[in-house]
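First chain written, first letter: the chains are A, B and C, and each begins at residue 1.
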Amino acid sequence: MTVDPVLLIVIPLVAAFLVPITSIFMKGLAKWIPLLGLIGMAVVMALDFGDLYDGPVTSITGGFGPPWGISIIMTPFGGLLATGMIGVALFVMISEIDGKKRAHQTVYNTMVMMATTGAVGMVITGDIFNMFVFLEITAIAGVVLAAIPRDGHEKGLNWRGAAVYALVGGVASFLVLAGIALLYGATSTLNIYQIAERIEGVDTFVVGAAFLTMFIGLGIESELFPLNGWAPEVYRGSKWGTGSLFSGVIGKAGLLALLRISFVVLSPGLENGIVMDILLWVGAATYLFGEAAAFSSKDLYRVLGYSSIGVFGLLVASFSLGVADGIRGGTMLLLGHMLAKPILFSMMGFAGRKKKGDVPLSSLKGLIRSSPSAGIIMTIGILALIGMPPSPTFWGKYFLFSAAGSEGQWLLISILIIGTLFEAGYLGRMLFNIFDTRKERKADTLPLARGIMGALFVFFIFLIGFLPGPLEDIITFVIAELIDPLNYISWGSI
Amino acid sequence: MMERSTIQRSLPALAISILIAGTLFLAFVEIGFGENKVDSEDAVANRYIANGTTETGSSNLVTSVVVNYRGFDTLGEVTVLFLAATGVGAMINLLPEDGKKRSKGPKPSLIMTQGGMLAIPVIALFGTYVFLHGHLSPGGGFQGGVIIATAFLLYLIAKPDAKTSHRTLSLSESLAGLSFIGIGLIGLAVSGIFLDNVIEGFGVLGELVSGGLLPLIYIAIGIKVGSEMSGLVEKMRGDAS
Amino acid sequence: MNSLIFLALAILMFITMVALAVATVISKDLIKSAILLAGVSLIASFLFVLMRAPDVAMAEASIGSALTAMIMVYAIGRTRRFEEGGEEK
């Protein structure tokens, strides 16, 4: 059954505009309107998901087909990512249903929904300026999310994170806009597929400048080294849900936009393979930097933040190998990270909720005894993140290593091994602390909603880990989109 | 350790800025704006100029692009403004009370108060004119909305102690936003295309009641932007009492 | 003849705009900076009219030279008015 994918954007917007009205007339209800919006998105996505097995789901707006109007082209890659994003957002929002009163919950929930809407819009739109508009929506929601402090810190705002992200995000937006202006000026069109069609006739210098601006702008959004100095400032001091959203939704949208613009649009207009080489080594450097920084951090929020940076690098590197197995591995790693990271953030937020300021490793001490369910869920999350079979990350790393091996990228393989060792180091320390029961700790019950959402994501990890087969049909389309621009061009010209 | 001067410290940043600015400048020069890079009927702009008025029923081409061809972007931009206003409002609400009194500044003079009161209705009327005639003359919902917001701003400057109702502003803002989406959904219901301008014939080109759904969308945007920007200014002013 | 006057006018405005922008950066008094920035926007909106983009000019005039400036002034009112070394007396 096909539903117009434009509803993925329209439903949450209706919900967002309803929030102020409800908060005037029914104050208690207002904070759950965004949840309804997200559920609406999930329903639309569920109805459309089956169609992705046959290729992209498309729609036009304004009554004019491409290239005159704005069209929506939900490729299987975009659809898969959008599904994951909506899942992460639902995870974040539902986990906090525990009857406790929290300050700023209405604003927080609204911004969680809007950041997700913007991210979904970025991955499903077929128009490059429309993508910029959604980037703005995501970025503004991200600034507000970064400003909202953790529970128990209601007095202070996380000004530092918000200010740094607002400044850097502003620069990123400007650069992306400049790149779009260059591409529009050079090709007289804004549709992604049509720019890709015409890019080979454009002067190489102009394409190079567009790549430079797009790379810096979207690299900032997807936390690539050395453009990620802002990220730790956001991760520390903001809520665990904000961390999950930045690593699982906002950054992922920037990542797909970067990959699509680099490989589908710009790469054919530049010297053969140069885009891939740049992204490959930037990704590898990011991986090494992120994992090393996570290894040497003391604050758990920062550990998880740096670990996300590392994973972004790993993803960029594997998608940029330019071979089918690399992209297959990247897709699996992407899913594995989107499932495992929110679990870790959620359980860590639960274990460290009484700490003021930094959350040290020791706050996980004895979690397996004080709250067995939280301990078990977090253990599975940690093992899934590092790539124990059967987890999506295991399959991802397996394909990535075989792709790198068959390409003869030995430097890349050694970077991957060193990074994985760092990863094993800090995740092992967490595990050690969870199972360290020498000191008695007061029993601590995990709130029901948080436990259910954690268990649900654990279930998905096992499901994809044991049965990766059904995803293969979608992954074929992901490979098609990133390897040959002609595929996207034929999908775009509905 | 020698203390380095400000200039020395900002040298790397300066170098990067110059590099990026230089690249952008050279690239923009290279493009040659306004020249035809593709066959002239393949450039979207040429199509808009040739068929804009007949396809959308608006004699202002900017409006036909902003509200019809690329209406979905406009919905997005309205949302950006909404989020920014909500976000700033929320953050100001979250501000810890530091207990310090903010300086109120001098009282506005007689000329300011009386002149402002004379000018406000004229400015507000002009703003309304601009968004009502968005499909006929330059301007539109955004411009009309911000002009109305300037009138509101002038009111706050002329009467700093005035009481304003934030509730009314946020209510009209939300309702206007919902009606924008509602108009879009009419298209989805009638022809299966979101934001489609479904009215047959659009009326007589150049008349006030023409252009199909476009003027309605611009009215919604005008009200929305006007109340949003007014609300933002009011929030930034803080509580005067 | 007409276009020559326009050109001279445009160049004059352009120079003034750049001068105002430089003054904005140099000034240590932030409120003065905000007002100078409003001047930059106002001249930019004149230039937009000269370039036959009245829609943009309208938006620039009301947002750039009225609303942004006033929002900045309100924001400065919540923080400090002078940069380091800029305060007189």
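Going forward, a residue touches a chain if its C-beta (ideal position, glycine included) is under 8 Å from a C-beta of that chain, and two chains touch if they have at least 3 such contacts.
Computed from a predicted structure; not experimentally measured.
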Graph class of chain-chain contacts, one of line, ring, star, complete, other: line
More contacts between chains, B-C or A-B: A-B
Centre-to-centre distance between chain C and chain A (centres being mean Cα positions), rounded to whole Å: 39
Whole-Å gap separating chain A and chain B, where each centre is the average of the chain's CA atoms: 30
Chain centre separation (chain B, chain C; CA means) in Å: 19
In chain A, residues with contacts to at least two other chains: none
Residue ranges of chain B touching chain C (in the complex, touch as defined): 60, 62, 102-103, 105, 130, 138-140, 142-143, 146-147, 149-150, 153, 157, 229, 232-233, 236-238
Interfacial residue positions of chain C with respect to chain B in the complex: 54-55, 58-59, 62-63, 66-67, 70-71, 74-75, 77-78
Sites on chain A touched by chain B in the complex: 4, 6, 10, 13-14, 16-21, 24, 59-64, 67-70, 103-104, 107, 110-111, 114, 121, 127, 129-130, 133-134, 136-137, 140-141, 143-144, 147-148, 155-157, 162, 175, 178, 181-182, 185-190, 198, 201-203, 205-206, 209-210, 212-213, 216
Residues on chain B engaged by chain A in the complex (per definition of touch): 20, 23-24, 26-28, 30-31, 33, 36-38, 42-45, 47-48, 55, 68-73, 75-77, 79-80, 82-84, 86-87, 90-91, 94-96, 167, 170-171, 173-175, 177-178, 181, 184-185, 187-188, 191-198
